[in-house]
Amino acid sequence: MDRIAYRLADIVARFGGRVEGDAGTEVNQVATLDSAGPLQIAFLTNSKYRKQLESTNAAAVIVAEPDVAATKLPRIVCDNPYSYFAKLSALLNPLAVFAAGIHPSAVIGAGAKIAPSAHIAAHVTIGEGVSIGEGCVIMSGCSIGANAVLGENTRLYPRVVVYHDCVLGNNVIAHSGAVVGADGFGIAMEAGAWLKIPQIGRALIGNDVEIGANTTIDRGALDDTVIEDGVKLDNQIQIAHNVRIGAHTAIAGCVGIAGSATIGRYCRIGGSAGILGHLSIADGVEISSFTLISKSIREKGVYSGIYPFSEKDSWLKNAAHLRHLDEMATRIKLLEKEIELIKGRD
Amino acid sequence: MDRIAYRLADIVARFGGRVEGDAGTEVNQVATLDSAGPLQIAFLTNSKYRKQLESTNAAAVIVAEPDVAATKLPRIVCDNPYSYFAKLSALLNPLAVFAAGIHPSAVIGAGAKIAPSAHIAAHVTIGEGVSIGEGCVIMSGCSIGANAVLGENTRLYPRVVVYHDCVLGNNVIAHSGAVVGADGFGIAMEAGAWLKIPQIGRALIGNDVEIGANTTIDRGALDDTVIEDGVKLDNQIQIAHNVRIGAHTAIAGCVGIAGSATIGRYCRIGGSAGILGHLSIADGVEISSFTLISKSIREKGVYSGIYPFSEKDSWLKNAAHLRHLDEMATRIKLLEKEIELIKGRD
Amino acid sequence: MDRIAYRLADIVARFGGRVEGDAGTEVNQVATLDSAGPLQIAFLTNSKYRKQLESTNAAAVIVAEPDVAATKLPRIVCDNPYSYFAKLSALLNPLAVFAAGIHPSAVIGAGAKIAPSAHIAAHVTIGEGVSIGEGCVIMSGCSIGANAVLGENTRLYPRVVVYHDCVLGNNVIAHSGAVVGADGFGIAMEAGAWLKIPQIGRALIGNDVEIGANTTIDRGALDDTVIEDGVKLDNQIQIAHNVRIGAHTAIAGCVGIAGSATIGRYCRIGGSAGILGHLSIADGVEISSFTLISKSIREKGVYSGIYPFSEKDSWLKNAAHLRHLDEMATRIKLLEKEIELIKGRD
C-alpha cells in the first residue's frame, strides 16, 4: 500500500505541540529509535534512552520539553510523547477498511437488524433479533447469539463468540477467540452430584472496551456482569459471573477474576494476578503481576504478593523454612524473654 | 418471550419442601433478594443476609428452617435453599430449544451417524464416522473430528472443537472455544532438536460434565485422558495428556493440571491453582486458589500455598528476607546455643 | 484402519540400535509397559520402572544398554529409548492424510496463492494476498488474514486464526483455538482515557514450531514478535508483543510472557510460570512451574520461586509471619547484639 506522508507542521496543527527544526520534514510511519529509517518518526518517552537519539536514522523524533536539546533532528516537542505517538500512529496506520455488506455465506437469524454500513464477513452466524450498529465489522467465523446488541463501530476479529442477550457498546474491539457471555460457573451440590444453576444474567460491555484474544467474560448468574467504558483487557483473561469492572481499568494477560468481584475505575492489574470472589477493589488500585488479592482493598495504592525467585537450590533451602515460620517466631520470642531474664539478673 | 408462572403449591408438589404463607402466590422467575420484583422468587442461603429479607420486593422467598420466621413473605421452606433454587431456576429458565435437523451449510463426513433429533447448526464440520446421539445440539462453527462419539443431549456452544476419536458422554455441555482432544505436549530431545511424540490416546469425557469457555483437555499420549461423570470445569482450564479427574470434582477457572496427574472424586480446586505431573490427589481434597500442588496428597483436607499480598513497599521489605530464611534459621539456632551456654555458666 | 506391522530387524535398519532376541518379531503399535498387548512395543526410559518389564504383555520393548538384561522379551537396544520411541511411534502413527484441494465452502481472497498440494477445508477464510505452501493442511474454520505467509507442510487444526501479515515457517503445527498475530496490549493514558497504540509489527513463527490449543502470540507493536525455529509451545500460553523466543525452547501450559521479553535458546519453562516485560533470559535456563521471573537471568541454571503448599491451617499460621519478616530479621539482629553485650561483660 502507498503510505501517506505528513509534514511535521501538519501534524502539530492536528495534535498540538511545536516543531523544532525543519517543519517541512515529511514522515509516513512511526518506528523505534533503533529501527527508524527515512520518512519515519521515532519517539523518546524516557530521558534515560537519550543516548539512542545519537545513532537513530529517524527523519524526526517526538520528545518532551526536557529532552528538546538532546538531538538536532527535526522534532515535535509535546507534553506526553507516548500518547502523542499513539495518536500519530493511529493517523499513519488507519484501521483496515471493510466494505459494507453481508457475505453470502453468513447466516442471519429472523428479525436481526444489521445497519447498512456494517460488514458481516464469511461464515458468520447471527442469531434471531440481534442488533448490529453502523460501522460494525464482524469478521469471519464470529457467532452472535439471539437478541445480542452491538453498538456502532464495534469490531470483532475472526471467531469471536457473543452469547445470546449480551450487549456490546460502541467502538468495542474484541480479538479472536474472545467469548462474551458464556455461562458462569454456578453449581449446587445435592445428593452427591452438582446441579447446574442457570445463568440468566447478561454480560454488558461498555463503549471503547478492548477485549484480548481468547479472553472470556461470563454472563451473570442472576444480575449482569458489567464491564464499564474504556476498560482494556489483554489476552487470556477470565472474568467470572457478576464481576463489575470500573471504567478505564486496564488488565494484563492471564488474570483471573472470580465471581461477584467489584473492581474500581482506573485500576491496573498485572499479568497472571488473581482476585477472589465477592471482593471490592477501590479506584486507582494497582496490583502487581502474580499477586492474589484475597481480601477487599479500600485504599488506592500498589499491592504485591510475589514469591521472589532464585536459583533452585537456594529456593529449596530457604523455602523449607516457610512451613516453620510460626515456630521460628515463637523461638525468637522465647530468646527475647531469656535475654530479658539474663539482663534482669544482673 | 412469555414467561410461565407457577404457584408455590405447584412448586413444592414438584420439588418438595413446604409453603408458609399464601401457597397460591405465583412466580415466574428467580432473582436476588436485592433485585427481585413482582412475580419473582428470591432465596436466602445464609442467615447472615437475613437483613435483606426486610427490604426485598420479591413475591416469595426460599428459606431454610432456621430462617422461617425471619420474613412474613410467602415462602418455601426446605433443607437446602441453594440447590432448591437451582432446580426451580432450571424449571423457570428451560434451555433454549433448537429444532432437529442439519443446517445446509454444515459439512458432514462420510459414514457419520447423526440422530434424527439432533440439531446441527450453520458452519459446523463433522468428520467421517462421527456418531452424534439424540437430542444433541451442535451450535455454529463447531468442528468434530473423525470417529468422535457424542452421547445424548450433549450441547456444544459455538466454536467448540472435538478432535478425532474422542468421546463425550450424555448431557455434556461444552462452552465456546473449548478444545477437547488436541495433542498433549509430548516431545523428546535428540540431536539438538525436539522430536514430536505422536499423541495416540483419546480424551474421554463422561456424562453430565460441563466444560467452560476456552478450556482445553488434551488427548492422551498412549493411553487416554479421562474426565469422569459429573465433573465441572470452569473457563480457561488446561488439562494435560493422561490426566484422570474423578467424578463430581469441580475446578475453577485458569487451573493447570500437568500430564498424568490423577485427581480424586469430589475434589474442589480453586482458581489459577496448579497440579504438577504424575501426582495423585485423594478424594475430597480441596485446593485453594493460586496454590501449586507439587507432591501427591493422600489425605482429604484443605491445602493452601499462597503468598499473602500487602502494600508493595511492605512486601518488598519483607520478601527480601525470603532469600535468607535459611541463614535466619541458622542464626536463631546459634542464639539458642549461646543462651544455653550463658545459662549454663551461672 | 489396518495397521502396518514392522519387524524389529526392519526398525533397527531404519533407526539404528540393535535387536536382542527374535529380530523377526513384528509390531504395529507403541504402548506403555502396562497396557501393551500382542503386536505392541513398549519402552523403558528409566531403570526404576524395570519391575514393570516382568509383567508386561508387550511383544517387544525398547531399552537402553544398562537394562538389556532386565527382560527376555525381544528388544531393541539403543542410546535414548525415549527419542527412539518417538521416531518409531511417528512411523507407526503417520499423520492423517488430507487430500489436496480447496473445499467449495472456503472463501479465498483475491491474489491468494495456494500451492496445489495444500488442503483447505470447509469454512476456512483466506485473506487477500495470502501465500500457502505445498503440503499445508488448513482445517475447518481457520481464518488467515490478508498477506499472511505459510511455508510448506504447515498444519493448522480447526479454528486457528492467523492475523494479517504474519508469517509461519515450514512444518509448523498450530492446534485449535491458537491465535497468532492479534494486537499486543499497547495503550497510553491521556485525558483520563486510554488511547490504543496501533500494533503494526508482525508475528513471525519459524520452522518446526508447535503451538498448543488456545495459545496466543501477539503481533509486535512496532517491530515484530519472533518465535524461532523448533520452539514448542503447550496450550493456553500468552506471548505478548515483541517477545523473542530462542530456537528449541519448550514452554509448558498457561505460561505468560510479557512484552519485549527475550528468551534464550534451549530454555525450558514450567507450567503457569511468568516472565515480566523487557527481561532477558540466557540460553539453557530452566524455570520451574509457578515461578515469576522478575529480573533478567544471565546464567544458565534452574530457577524457582514457589510458595510451598501445606494444610490450610498450617499455611495460615505460618504465612501470617510473612508480613513481619523484616521485623523478625531486626529482632534477630538485636538479639545477636544483646548476646555480644552479655558475653562482652564477662
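In order of appearance the chains are A, B and C, and numbering begins at 1 in each one.
Here, a contact is a pair of C-beta atoms (placed from the backbone, for glycine too) under 8 Å apart; a residue touches a chain by one contact, two chains touch by 3 or more.
The structure presented is a predicted model; accordingly, all values stated were derived computationally and were not measured.
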When the Cα trace of chain B is superposed on that of chain C, what is the rotation angle, expressed as a multiple of 5 degrees? 120
Over half shared numbers or under half: where do the identical copies chain A and chain B land at their interface, same or different? different
I'd like to verify one number: the distance from the centre of chain A to the centre of chain B, where each centre is the average of its C-alpha atoms, in whole angstrom. 25
Can you list the residues of chain A that touch 2 or more other chains? 105, 123, 141, 159, 177, 214, 236, 254, 272, 306-308, 310, 319-320, 322, 324, 328, 332, 335, 339, 342
Which of the residues in chain C end up touching chain B in this complex? 29-32, 35, 80, 82-83, 85-87, 89-90, 93, 96, 103, 105, 121-123, 139-141, 157-159, 173, 175-177, 208, 210, 212-214, 230, 232, 234-236, 248, 250, 252-254, 271-272, 289-290, 306-312, 315-316, 319-320, 322-326, 328-329, 332, 335-336, 339, 342-343, 346
Counting only contacts in the complex, chain B reaches chain C at residues 105, 107, 123, 125, 141, 143, 145-146, 159, 161, 163-164, 177, 179, 182-183, 185-190, 192-198, 200, 214, 216, 218, 222-223, 236, 238, 240, 254, 256, 258, 272, 274, 276, 287-288, 291-294, 301-308, 310, 314, 317-322, 324, 328, 331-332, 335, 338-339, 342, 345
